[in-house]
Structures are given as C-alpha cells and as structure tokens.
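A, B, C and D are the chain letters, set down in written order, and residue numbers restart from 1 in every chain.
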Amino acid sequence: MSVSIDQEDALVTSTDPLHPANLISELCASFYRLGWVTGTGGGICIRTDDKVYIAPSGVQKERIEPSHIFVLPYPQAEPSPHTDRIFLRRPKLNLKESACTPLFWNAFTVRNAGSCIHTHSQNAVMATLLWEKEKMFKISHQEMIKGVRIGGNGPTLSYLDTLEVPIINNTPNEEDLKDSMKEAMEQYPRAAGILVLRHGIYVWGDDWQKAKTQTECLDYLLEIGVKMKLAGLPTVLNE
Amino acid sequence: MSVSIDQEDALVTSTDPLHPANLISELCASFYRLGWVTGTGGGICIRTDDKVYIAPSGVQKERIEPSHIFVLPYPQAEPSPHTDRIFLRRPKLNLKESACTPLFWNAFTVRNAGSCIHTHSQNAVMATLLWEKEKMFKISHQEMIKGVRIGGNGPTLSYLDTLEVPIINNTPNEEDLKDSMKEAMEQYPRAAGILVLRHGIYVWGDDWQKAKTQTECLDYLLEIGVKMKLAGLPTVLNE
Amino acid sequence: MSVSIDQEDALVTSTDPLHPANLISELCASFYRLGWVTGTGGGICIRTDDKVYIAPSGVQKERIEPSHIFVLPYPQAEPSPHTDRIFLRRPKLNLKESACTPLFWNAFTVRNAGSCIHTHSQNAVMATLLWEKEKMFKISHQEMIKGVRIGGNGPTLSYLDTLEVPIINNTPNEEDLKDSMKEAMEQYPRAAGILVLRHGIYVWGDDWQKAKTQTECLDYLLEIGVKMKLAGLPTVLNE
Amino acid sequence: MSVSIDQEDALVTSTDPLHPANLISELCASFYRLGWVTGTGGGICIRTDDKVYIAPSGVQKERIEPSHIFVLPYPQAEPSPHTDRIFLRRPKLNLKESACTPLFWNAFTVRNAGSCIHTHSQNAVMATLLWEKEKMFKISHQEMIKGVRIGGNGPTLSYLDTLEVPIINNTPNEEDLKDSMKEAMEQYPRAAGILVLRHGIYVWGDDWQKAKTQTECLDYLLEIGVKMKLAGLPTVLNE
C-alpha cells in the first residue's frame, strides 16, 4: 500500500455525521448507554461497497474518535499463517483492530452484510444461561419479532413465526469463535444473530440501520424472554 | 391536491420547538431513551385543528427529522378498497406513513383526541401476559391513578377509582387491530388506553401533553402492577 | 401587593444557574430522568431567606421553565377558609401552585427546612407496600445510611444507627396529607423523610443540596431494602 | 509550601479535557448516571507521576468542578498523630478531601496504581450480601472476566480463570477500612478490587482508563452474578 498518510486520514475524516467513521463513534457511545459495550467489550463495524470500517480492540467504546478507526479493503483473502490482514488505514496510536474482526467478517462473507454489531448485553448472557441446554433461544407471539429479518438480510419475520437464535459455546480467544459462528450461520440460515454462551450476541444486517434495528429487536426479545422464563411463563406457544 | 412542493415543506418547517413536526422528532427520541420505541416500533402522532402529523413506518424513532413527517387533512373519509388516504404532505424520501395510522385515527374519531401514543414498553407487554386471562389490567389505590383521565379525555380519575385497561388480542398486521381497538374503546368508554396482547399499548389525550402525561402514568402503573403481581401483592384492594 | 409585573418577573429571572427558579427547572428535569417525577407528579421547592419558590401543579416536570415558578413570602399565616395564600409572583400562564405546597410548608415550619423534595419513585412505593403492616420502613448496616441526617436537618446518622422512615396513609387529595404528615414529623423527630402509602416520599434538608443528597440516599436505601426483602434477606440486623 | 495561590490554581486549570481535574469532574458525572456515586458517595482519584488529584468529601459528585479538586504530592509519609497529610493545593471553598483518601492511597502504595475508583453500586452491595458467608465473590466462565487484570495491574485474566473478589467488613468510619483493605490486598495479590460489606467496591488500575474499564467489568460481573444467584444458577462451574 503506497497510500500517503494524508490520504489515509482522509478515509476517516468527514463532516458528514453519517460517514462510517463518525457513525461508529456515535453509535458506540449510544450502545454504551444501553449497557451493551461497557468495559471495552462489543462494538459495531460498517462495510460500504469495498471498504470495511472497524474500531480498535480494548478501548473505551464510548470514547472512540473517528481518527481511531481502521479501514480495510473488501473483499480480501482470509489472513493465514502466511498472510496478514490488509489495511487501507491504521490509526497512528498504538492500537490493534477489534478482536471481533474475523467474526464481523463472517457476517460479510456468509450473509453479505453491510454491518455487524456485537454486544455483551446482560439480556443476551442471561438468555444463553437459561436456554443453555436447548442451545437455542426461542420465542413466539411477540410483536417485536416482526422487526427481525430471516437470516438477518431477508424479509422480516411474521408475528406468527417463532424466532430462533442459536447459542454457540464460548472460546477463550474471541477469534476462535470464527468457525463455530460460521457453522451456526450455515446450519441455521434463517437465524438473524448468533448468541455466544456466557458472552453476548452477534447481529448483522444489510446496512448499519438494519443491523442496529435488529439488534434492538433481538435484545428486547431476549429481555422479555428472560423475564417471562423467570416468571414461569412459556416463551413459545403451541409447541 | 395542487399544493406546491415549497408549500408542502412549509407544513413541517418551523423554528418553534412546539411545532408538531419538531415535537414528534423530539418526543420520539425521548421515548427511545425510555425503551418505549426501540427497533423502530411505537411512536406519537399529533392532531392540530384540521391537520394530522404522523411519523414514517419502520424508521429509527430516535432519528426522525421534521422533514420526515407526513401531514394529513382532518377529518377525512376512511380509506377503502376504492379510496386512498389523503395527504397534504409526504416526505420526499421513500417512506410509508406509520402502520399505526388507522389506530391513531381511532383515537381522533372515537375520542376526539389531539394526540395518540403507541409504545412497546416491556411493562405493558408483561402486564398483558400476567393479566391475559382477565383481558383487563386492573389496579387500585395508587397515587398515579390520579394522573389518568376517564376515557383519556374526561376528568381525572380519583385515588378511590380502580383503573381498568382492556387487553385486546394482537393481529399479524398492525392495521388489523383497528376494529378490535375501536370496539374496545366503545365497550369501555372509561378506558384511557388499550393494551394489545404481547405487543404494547395505545394511549391518547386532548393534546400531546395530556397524551404523554397519561402514557407516563399508565406505564408507571403497569410497571408497579407487574412488580406487585410478581411479589405476590394484590393490585386491587376491596374486590 | 403593589409589586409591578416587571418586578415580579425579576424574582425568577437570573443568569445564575444556582438561582432557585433555574435550579427547580434543572433539578426537576434531572429527577424526571431518575423516574421520580413522571406523569407530572412530584417535584422540589426551595426556600431562601424570606422567599419560597414553587413549581406549578400538573405540569410536565422535565419541561418547567423559570418563568413558570411561583414565589411566596415566608413566613406567612396558614391559608384558612377566610384567608388565601399570599404570593409575590404568579406565572402569567393559567397555572396553580403545586398541590404539594402545604406539605412542603410542613418541612419549613416543623423542621426549618430550606428545601423539600417529593418523589413518586417506585422504590418508595414498593417499600410502603412491603412494610405496610409495620407502618415504618427500617434498614440497618448500610453505608448509605451515613448520608441521612437526624430529623433531616441534624447531624448525619452513623453506620450503626437503624434508619427509620414512617409510612402514613395516602388521602384522595394531596393537600389532606398535611396534618398526618405533620403529626408523623412530630411523632418521629429523628425521621429524615415521610413515606406515603402507595404514593411516594417527602424529604427535606437545610438547603437544596442537602435535601437532594438525602433524597438520593433514602431512595438508594429503599431500593436496596426492597431488593433485600424480595431476596429473603433481613433489612435490619440484631433486632 | 510557599506556592502562591495562582500557582496552586494552575494545578487544576487546563483546557485539556484529559487533565486529571477535568477528568474527575467528567467521570464523576458519568458515574452518577450509572448509579455508582449518588448521595455524594464514591468517586475517583487520579495519580500522575508525582501528583495525586482527589475530589472533596460530601459533595454532589455529578456537580464537581475542576476548581474543587485537591492536589497532593506523591509519595509522602502516612499522616500520623504527629503529622498531617501534605497538599499542593486545596480548593478555596470550605471543603475536606474525600474520606476515601487513605483507601485510594492503598492502591497507590500496595499496587502502584495510577487511579482508584470507589462505587456504592447496588450490584456490589447485593453481591456482598449474597456472598457474605464466603467473604469472597466468585464467578467463572463469563466473557467479561477477560477485562479484569490480575491484581488490577497485571496481565488480564483468561476466560478459564475464576474471578475472586474478597469482601471485607465495613467500619463506621471510612478511614478505618484502610488496614483491612490493605491486608486483603496483600492476602489476595491476584484480586483486582476489594468489596466492602453493605458498602461498595474499590477498584484500581495503572491509569484512569484501566481503573474505569475494570470497574465496568467488575460491576457487570457483580450484576450478572447477583442475577444468576437469584435465578438459582451457579456462578462457578467445575468447583
């Protein structure tokens, strides 16, 4: 890459509040207030045409600035023992790209997503514990199901559909979730997100608006599902 | 309608923060922070004299701008297989009016309301589940009952009144709630709102302030009612 | 009162953010975000030397403006069937002073308070329900007890003191709480606040800072007390 | 100390938002919104090289201004019956330094911390009650454990590590926690924080970012631990 420094900075510099570098900063601050990304966990990445914008790893998500954002070309080959991930721009600070990068990439390659969100929401974690045996969170007959899309990028579910979100096991290193997440996405092509046991959830969509809207709907459904389960109410009717 | 584009835009353009188009934007952002309208669900409409202001369907409610607002003349005949709804102004974006429009209209025609609010508050949904058999949420002897008006537009209830909010069944398409909501409003003329099973609540008032205030009171009462029920406390005394 | 309109407005007009009229607006908005004053309920009044500043009744507490504030001379005789309350300034809008006025006045006359806060916090209401039989909320061995003052205006309690907050019955009209609140304040001179069954709490202090701080401490203690009770933990040790 | 008044004020006056005096103000306001420092309790101190910045005692933590901050030289001998604590700057107001000062100092001397945070979070207090007998909060197999560092200043824990946070008894005077906190820190060198029964938690880190991040992770783990315990789920696997 022979791009000059100035050209690299231009990739994350814009007065448009809807520029991905500005959006990531703003949305991460908003997700922090929802309790989704405290303690540096979680985040959002955005892909536009041929570029992917990703936040750094291990930083306070509510204090990200556009200049902290990594930009990568898309598509690109998977990094391997012999090849590194390719970047169009790295922040000048001593930062590493988000550890979620390979998982966000799953959403791009498997579902052609334009954005992927990862939260550590306690609603998600409690749901993985309460539905641990079933390896699948299920809820039916909730209006908010209508805000979730088949596979995350298809038509929206109907009120009469049962929402199912697979739960995969957690791994000590976040990167190692890549294969099991991909397998779950392929095994459950209708799933709009993947829950990770004792960890959180990954949700994607065609663009950041659809990823965000679906994350809100799923988080709502996880929250009400947990409340219903603890109150002794069945979350699925007519099983 | 031969209104020019500029005249149409003028309908939603004002520096007055209390203009309906500005209020809808501001209040929806505020409702988002309360968890009432996440995932694009819920919202508020305002009627002033002969005009109705309504937000679009399926948009992030905390990011609505005045220019996104629809304006409709009031009164107007119900749309039918042979007639469309009439608009004074549609936003230039590729948007559809809120799916709640026919339900908001119920509040205008049945109760002469000046504003109607719809939330997906989890307090409302939990209440519909815990009072599902009775088809009626009931609570008595709570100070906040005094903030609710008989029929939503009459005098306020007394501390000695029992609050009753009917629960109607949900339907796969939001528009299809129109008739059952209207029936419930007519069958329970003292009700200040209508709960929808596994979905949320509709609340109205003479103006946006009264609709908002009553929505807050009802949401408070639904929240405390759910807490009381789960703690084994009766929500109605002297039954 | 022959004060001119301009002089009256001057009573609530200041660029100082700590002027009572500005503080009431700001603090009510902050209390709204805490869920203490939704649905127009609750509020704060401030007394400085010979003037009392009070918000209107029945208005959205998060939208109060300094120009909405009532100013009254202090001290003044109780209003009676033959005498009205005396005002130095009434807002020009069609507003009535807060229905809490006689209760705030109790705090001034019985405890010489400089400020009194009333909330409808659900923590307070749940506590009145869970301690209804005892007519007294009690908690011991909590660090936050140290933020509460004996009688609301004396020295702070010690960690080894048991906090006791009396619970009085609610009345259909808020004004009618005046006598029972006063009696409870006289019967329990160490109490820093008065809980009202199924309604909320009144808390006072030498100034607005002390009233606010104690309201926060008491609300915290009511919240943790309710959590402890529901978890089966005793709230008082060594009884 | 012959430092002139102007030089003293210069110690807390900066346009840099990351100056410790500005950060303490901003972070305390943020912690207030999280419910960590209501009722004047809790706070954060920051040490940079040879200076310690500390907020006053008994003030509203969300309203601290940089001019309220105390500055102390570091290191300095422990105050004793014969020596006072040494200050580079005291605010002109009638304020005393935070009662947490000796406890924050523990973090500096025992763990060489650059920042220490104290919260009264209800998650912490509920955890001390539910794990009171064990005198140790324990949780395993939670992703957020990875955000906590061994001893608060070492490498981060692994997902396979069990998090352990000791619980010490509370004392009537906060200063008197100094010795038992120090003992617990020495007895449990891997602990990243110290819980205080019926009171709250102390957490530290190499700098304010690491202290804050770890406080968020620990608070998250305390919250989910309490939820799990109340739902009958074990918080430690493979014991």
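Keep in mind that, in the parts below, contacts are C-beta pairs under 8 Å (C-beta built on N, C-alpha and C of every residue); 3 or more make two chains touch, one makes a residue touch a chain.
Quick caveat, the model's predicted, so the values are computed rather than measured.
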Set of chains whose contacts include both chain C and chain B: none
Touching both chain B and chain D (chains): A, C
Chain separated most widely from chain C, comparing mean CA positions: A
Same or different residue numbers at the chain A/chain D copy interface, by half rule: different
Distance between the centres, which are taken as Cα means, of chain C and chain A, whole angstrom: 45
Mean-CA-position distance for chain B and chain A (Å): 32
Multi-chain contact residues (two or more partners), chain D: none
Topology of the chain contact graph, where touching chains are joined (line, ring, star, complete, other): ring
Which pairs of chains touch, using the document's own definition: A-B, A-D, B-C, C-D
Contact set on chain C toward chain D in their complex: 141-144, 147, 158-160, 209, 212-214, 216-217, 219-220, 223-224, 227-228, 231, 233
Contact set on chain C toward chain B in their complex: 38-41, 60, 120, 122, 125-126, 129-130, 170-172, 196, 198-200, 230
